[in-house]
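After this come two complexes, each holding chain A, first together with chain B and then together with chain C.
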Partner chain A sequence: MMGATYTTASSVEDAVAAMAAGARPVAGGTDLVVGARQGKKPLPQALVGIHKIPGLDGIGESDGGLVLGALVTHSALVSHPIVRGRFTGLADASAIVGSHATRANGTIGGNLMNASPAMDTGAPLLCMGATVELAGPGGRRTIGLDELWAGPGQLSASADELLVSVNIPAPSPGTGSAYVRLQYRRQMEIAVVGAAAVVTLGGGAVMDARIAITALAPTIHRVPDAEAALVGGPPDEARVDAAAAAAAAAARPIGDVRASVEYRRAMAVVMARRAIMTAVARASGQDMAIPASDSTYGS
Partner chain B sequence: MKYEIILTVNGVAYPVEVDAHASLLHTVRDQVGLTGSKEGCDDSECGACMMLIDGRPVNSCSYLACQADGAEIITVEGLAPGDDLTPLQSAFLAEGGVQCGFCTPGMLISATALLAANPEPTPDEIRVGLSGNLCRCTGYDGIVRAVSKVARG
Partner chain C sequence: MTIAEKPFIRPDGKEKVTGVGRYTADMNLTGQLYAKFRYSDHPHARIVRIDTSRAKAVPGVLAVLTHEDVPDVLYGGMVQDRRLFAKEKVRWEGDVIAGIAARTAAIAEEAAALIEVEYEVLDPLPDFAANMDAGASLVHEDWETYGADDSLDRSGNTLGHSSIVKGDADSAMAGADVVVKSRFVADASQGAPIEPRAILAQWHGDRVTVWSSTQVPFAARSGVAHTLDMPESHVRVVVPLLGGGFGSKCDFHFEAHVAALAKAAKRPVKLVFSRHEEFVAPDHRREGMVIELETGANRDGTLVSRRGTLRLDKGAYCGEGGFFAQMAAMHACGPYKIQNISVDSYLNYSTNQPSSSIRAPTAPQTCWAVEQHMDQVAEAIGMDPAELRRRTLIAEGDEGPAGQIFDPIGIKETLEAALDMIGYGKELPDDEAIGVACGWWPSFGVPSGAYVKLNGDGTGTIITGAMESGTGAVMGLPLLAAEVLGMSPEDFSITYQDTDAGPWDMGSSGSQTTFNNGRAVIEAAKEVREKLLDMAADELEAHRDDLELVGGAVQVKGSPGTSVTIADLAGSGEPILGKGSGDVPEAPEVEASACVGRLGMESFLAPQLITHAARVKLDRSTGVVRVLEFAAAHDSGVIINRIGADGQVYGGVMMGIGQALSEMTMFDQDGRQRNPGLLDYKLQTVSDAPKIDIRWIEVDTPNAGPKGSKGVGEPPSVPTSGAIGNAIAKLVGRHVDRLPMTPERVWETMHTEGE
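Moving on, here comes the complex of A and B:
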C-alpha cells in the first residue's frame, strides 16, 4: 500500500487534474480535517491543497454585484465594507461561523461545497440569487446554488469539479438582508435552526422578498409561500407573521442531539420572523448590528 | 508516502519529513521539538494547540503539516525572544490569568491575534475573540482582565 498522498495545486487546472485522479481538495481544513479528527469520516487517501492557488482569494465588484473567489475566508467577508453594507445577510452569517480561528481559515468555497443543511452562508447567498462557477476537466459551468445542493453533504457537482467563484448579483435599491440562527452559545456553534430574508421595499410596500430556511430540511431552500405572503403591501405584523408561519410550515426537520423535531418546528417561525424583521429594518435604512443573531433576542 | 517540507517556526526553518495526514501540531511537538502548543481535544474545540500561520490563528491539531510548508508559523515560544515576556504574557501572570497553564499557550496566541486585528477590544469583544479557547481553571475573568489591561496600554 502506498499510503496517503498530498500535492499542492498551483492553478485551478492543477487542482482539477488531481481531483479527476481521485484527490479531494483542502483549503482551510475546517470541515475536512476537523471532521476527520472528530471521527465523522476519515481523511481522504489523496489530498490536493488548493490554498496556494493565486487569484482565488479576492472580493471584487461587478456591476454592483460581488464576485467572491473560492478561497475568500469568513473573516475577509465580515470585515469587507461592501459585504457589510449591501450584502449584510452574508456578513451576519460569516460573523458567526465557528470560532475566530475557523473564520480566519474557513473559506466560502468550502462552506458551500460541504453542502451541510446547517451551513450559515447558504441561506443568505441563496436569497441573494448567488450562482457558483465550477471548473471541471471538461471546462467551466455556472449553476445556481439551488441546483448545487442535492442533500445533506450531497452535491449535484461531480467529484472532479472545483468551485472557483461565487457571483452575487446587484441588489435592487431599497433592499435589506439578514440571516439569523438559533444558537445555544454565540461561538463554536452550528445553526440549530436558521433563516435568511432579503426584502426590497418601495413606497412603504414589500416589492420583493426572498426567504430561506436553514437546518430544517435536507438542503437549505427558499420558501415561495412565505415570500408571497410578505409581498404586495406594507411589512406589518400580519404580513410578517403570515410569512414566518409559511416558512415554518415548509420545515421538514430531523430530531437529533441538539433539538427535537417539535422544538425545531417551534423555533422555525421565531427565526423566520427575526430574519424578516431585521431585513425589513435594514431595507428601511435602519442600522442593525452585525451579526443579527446576537442582537435580535426578544423580538 | 513521506514528504519533505520546511516548517518555519518562530523564524527558524526546520526541514521535516511527514506523512500526508500528519497534523501541524504533532509535527511541531514531535519533530521540531517545541512542546508549548498543547493537544487538548484534537478536533478544534479547545484551542490549546493554537498557532499563528502567516498571522492567522489556526487550530494546529486540525491543520495538515503539508499545508504549512513554507509558511511563517508562530508558537507561544516565539511570542517574545529568549526568557523575555510580551506585555500580554506579563499581564496574564499579574492578573491571575494562568492557573494550571494548559490553555495558556493557545489563549496567548488567540489574544495576540485579537489585539493585532483590534487593538482596543471591549471586554465583550475579548470574550468573543477568546471563545475558541477553553479554560477549566481561571473562570476566564483573569484572562479577560489581562487582555483588557494590555488593550488599554
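Moving on, here comes the complex of A and C:
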C-alpha cells in the first residue's frame, strides 16, 4: 500500500476534482473496502471519501416522485414513510441488504455504482423508471439505470463521474411494487435469484407492468415479454404464471457454489411470481409486510 | 440439584463483548517480523525442486525456511505421517512448502510468491471412499514405515479400520420382520471460529515462548519440542484470550513453523491468518462421510440386527483424529438396544484438507444418518418414530454395542422431555412438521491437575493447565473451589493457558474440562481446606472436627461468633497452597475381542444422552427450510452451573442447525475448496435462531465427573441435524440423503423420483 492516499471531499466539486485526478470515491465502503479485504480487488491507490459532502443524504419529494441523495443509507430508506408507502419495492430491497451494520453504512449511490448484477435496489428502481444524476468535470447529466450498467461491475459512467442523486418519478395511481429474493438465511445474504415488479391496476385489470430480474444475467434488466404477458386483463393466475414463466425464460443463469443453473432457473419463476403477486396485492390496497422476501415465504 | 445457587456468569465475558479483551493477534513485540507461508500449488504432486533464492533476495526478508532448514522429523498424534514443511510430496492444497519472515506482511507475501517450486503433478485423490478400493494410488506410499498408534488397523489409504461386532448380524437380519437399507452422504464442514488463528514466537537463548490461539497448549508444546528437536521444558506456550475454536484449534498446528522462523531471523515473528487461510490451511475440519446402514426389525419395534459400512474422509494427514473410525462405528449403533451388530468403519486418506476433531467428531453426521434411518425403520413397521425410540433406547442394566452394561442413564427421560417441550403430536399447518432424534457422546476420563492458592486478602487463585475456549472453565472451576472452601466463586481468579504455570492438561477438547480439571480443582481445594482447618484450630483453640468453612471464614460449627476469617489466616504470611489431580474414572471393562481397531471407545464412560426435537417450516416452492422451534433435552449428569450449560446448548444447537441446513465446504474435482470464506460458507446468523427450550435430566451418575456431572460441550450438536432431517422428511415424503440439507437439495429431493 506504498504511496496510497486518502482525502475527504467537502463538496461535489471537490470530489469530482479528486476523481478526475485518479481517485476512487468511497461512500460507506461496504463494497469497496470489504471487497479489498476479501482479496476481490485491491484497494485503489487513491481514495476520496465522499461521506462528508453536505446535502447528499436527503430523501426529498418532488411532484409526487422522490429524490434520493447519493449518500442515503439503506436503513434510512427502510424507515422512510414515503418510501415504504409508495415506493415499497425499494423498501423491500433496502430492508434485506446485508445486516443491520451493512444497512447503516451502505449507501444507495454505492449500491448502484458498484454495478453488481446481484444488487438488491437495482431491480425495483429500474422498474420504477429511476434515473441518476451524474456530476463530472464537464458538468451534470441524467441517465436511466439501464444506460448506467454495462456489465458485471461495469458502468457506462466514466471514472470521474460522481453519482449525485437518484430520481424516481411519481407512480400512477393504483400502482404497487415489490422486490423478492431467494434467501437461504435471514441476514447476510446475497441475491441468488431476485425479481421486482411494479404493477398498475385500473378497473380490475393490469394497465401497466414492469418486471425485472436480479442475479440472472450480466446486468439486472427488465423483461418486456413478462410485462406484456401481465398487461391487458385481470391479474389472474394464468396471467401471473405466464408473466413469471416469461421472466424466467429471459434468465441466463450461471451455475456456481450458490446454486446450479437448473435451480436458479426454477427459482426465477418462483421469485418472479411472488414479486408480481405482492405488487398486485399492494396495488389493490392490501398491506403486505416489508420486506416481501420474508412475508411471501411459503406462499 | 444444580450446585450454583445463583447463575455464575463468565468473568471474561465483559472484556470479550466490549472489545477490551486482548487476543493473540492483538499482541506485538518490539522488533517483530511478520510470517507468511507458501502453500502448495497442487493438491497432489511430487516436489522436484525448491528454489528460494529470489525470495531471500527481497529487501526486508529475514528468513526463508523449507524442510531443509528444520530437523527431518515426522509428526502426528496417532500416525506420524507429516513434516512441518513438505519434502517429497504435497498432499493437499494447504500443504506448507516454505515459511517467510519479513519486515512487513506485504514483503513476506511478495517473497512467498517468488519461491520457485518445480513439481511432478500427480492425479489428485479426493474420493475418499474410492481410495480404499484395491489398486487405488496411495496418498502415502510409505505408510507402512510410519510410526503409529499400535491399535490402529491400517492398510494402504485406510489409516484406521474399526468394527463393532455383537452376535451374528447376518443370520439375525435374515430372520427379521422387515429389513431397511439406506445410504447417506455427509459433506465436509468447518469449525469456523470467529478468530482466525494467530501465533507469536520469541526466543530467549535456547528457550522459546509461543503465544498461540490454540485450544491445547500442552499438545502445542509437545509438537514444537518434537519437531524442532528440543526439550519440552524449553518451550512455553501461552494462550491469550481465545476467540473460539470448536475443535478446529485442537492439536499442534503452526507453532513450530513460527518458532523456527523466529529462531532463524533472530527476531520475534508473528503469524496472523486471513479468513481465507483459516478455511484452507488448518488440518482440522469436519470429515465428509459415506454411511450405509441396514437394520432388521420386528413389528413390535425390536431391533434384531444392524449392519453398517462407514467411509470417512481423513484428508491428507492423520493428526489426532485417528480414532474417528471407531467413534463413528459407535454412533452407527447409537444409544439403542440392538441385538446383533456388525459395523465396519474406515478412515481413509485423500488429497483433501485433513479432517480432525470438530465438536463431537463424526457424531453429528453419523447420527443424522442413523436417526433418519430409524425413522425409516419406524415407517417400515408402521410405528410412530417416537414410539420406536421409546421401546429401543437403552436404560440402566442394558448392554451396549460392544457389551458394556450401563449405569443409570436418562436417555428415555430426555425423549419424553423433548416430546413434551415441543408438543409432539400437536396440530400443525401443512408446511410444518416436527422431527425427533436421539444421540450420545462419551465422557473422557484423563489425568489433569490444578493448584489452588490463597491470597493475603482472602481471595483465591486457581492455577491450572485447563483452557477456556468458550467452554466454561472460568465458571465451573471457581464454583467447585468455592464450594469446598466456603467462599464465593467471585473470590477466585484463574491463572491458566500457560504451560509454565499449571500442570499438564489435555486442553479444551472432548467436553472434558469440568469433568477432569474440576476434579483436580476440588482435590486441590480440599488440601487448602485441611490447612485452613489446622490453622484455625490453633487460632480458635478448638478441635478441627468442630470447625466449618462458611462465608469466607472458619468458624466453630453453629457459633459464628467464634471464627477467624480466611483473610486473616491467609494474610498471616504462611503460604497456603493445595494441589490435586484426583482419580481418573475409567470406562466399564468390556469383552470385545470380536471388534477390530479397538482404541478404547468401544465402551463409553459416563455417556451423555440427548434428544432433540425440531419444528420446521418448509417453503415447498424453493426448498428453503426454517427451524421455528427447538427442544433440547440432555442428560449431562448433575449440572454445576445452569447458565453455562444452557449456553453450550444454545451455541451447539445453532452450530447443529448450520450443519443441518447450510454449512458445507465444497471441493472442486481436484479437492480445492470452492467456498473458503464467510460469504459462501453459510453459517447461521442470530436472526436464524429459533426459540430453543432446554431441559436437563439430572441423573446422579456414578463413576463420573465432579458431583456426578458429565460433559456438556459437544452433545448439543450431535442429534440436531437428525431431528431437522426427520422433520423435513415428513414434509417432503422422502429423506434428504445429503448433508447439509440445503434448499437446493431439498428441492431436488422433492422433484426427483424415489428409488
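Please note the rule applied: the second predicted complex is superposed on the first by the 297 of 299 C-alpha atoms of A that agree within 3 Å, B and C clash if a C-alpha of one lies under 4 Å from a C-alpha of the other, contacts with A are read in each partner's own complex, and residues count from 1 in each chain.
In this text, contacts are C-beta pairs under 8 Å (C-beta built on N, C-alpha and C of every residue); 3 or more make two chains touch, one makes a residue touch a chain.
Being a predicted model, the structure only gives us computed values, none of them experimental.
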* Asked: When the two structures are laid over each other on chain A, do chain B and chain C clash or fit?
  -> clash
* Asked: Can A:8 be said to touch chain B (first), chain C (second), both, or neither?
  -> first
* To do: Mind working out whether A:267 is in touch with chain B, chain C, both or neither, as first, second, both or neither?
  => second
* Where does A:99 make contact in the superposed view: on chain B (first), on chain C (second), on both, or on neither? -> both
* Is A:38 in contact with chain B, with chain C, with both, or with neither (first, second, both, neither)? -> both
* To do: May I ask you to decide whether A:258 touches chain B, chain C, both, or neither, giving the answer as first, second, both or neither?
  => second
* To do: In the overlay, answer first, second, both or neither for which of chain B and chain C A:187 touches.
  => both
* To do: Would you tell me the residues on chain A in contact with chain B in one complex that are also in contact with chain C in the other?
  => 38, 99, 185-188
* To do: Would you mind writing out the residues of chain C in touch with chain A in their complex?
  => 106, 274-276, 431, 617, 619-622, 624, 626, 661-662, 666, 674-675, 677, 679-680, 682, 684-688, 742-744, 747-748
* **Residue numbers on chain A that touch chain B, as the complex places them** => 2-6, 8, 26, 29-30, 33-34, 37-38, 43, 47, 49, 51, 98-102, 104-105, 185-188
* So in the complex, which bits of chain A are touching chain C? -> 1, 38-39, 99, 182-188, 190, 257-260, 263, 266-267, 270, 297-299
* Can you name the residues of chain B that touch chain A in the complex? -> 1, 3, 19-21, 23, 42-45, 47, 50, 56-59, 61-64, 66-67, 69, 110, 113-114, 128-129, 131-132
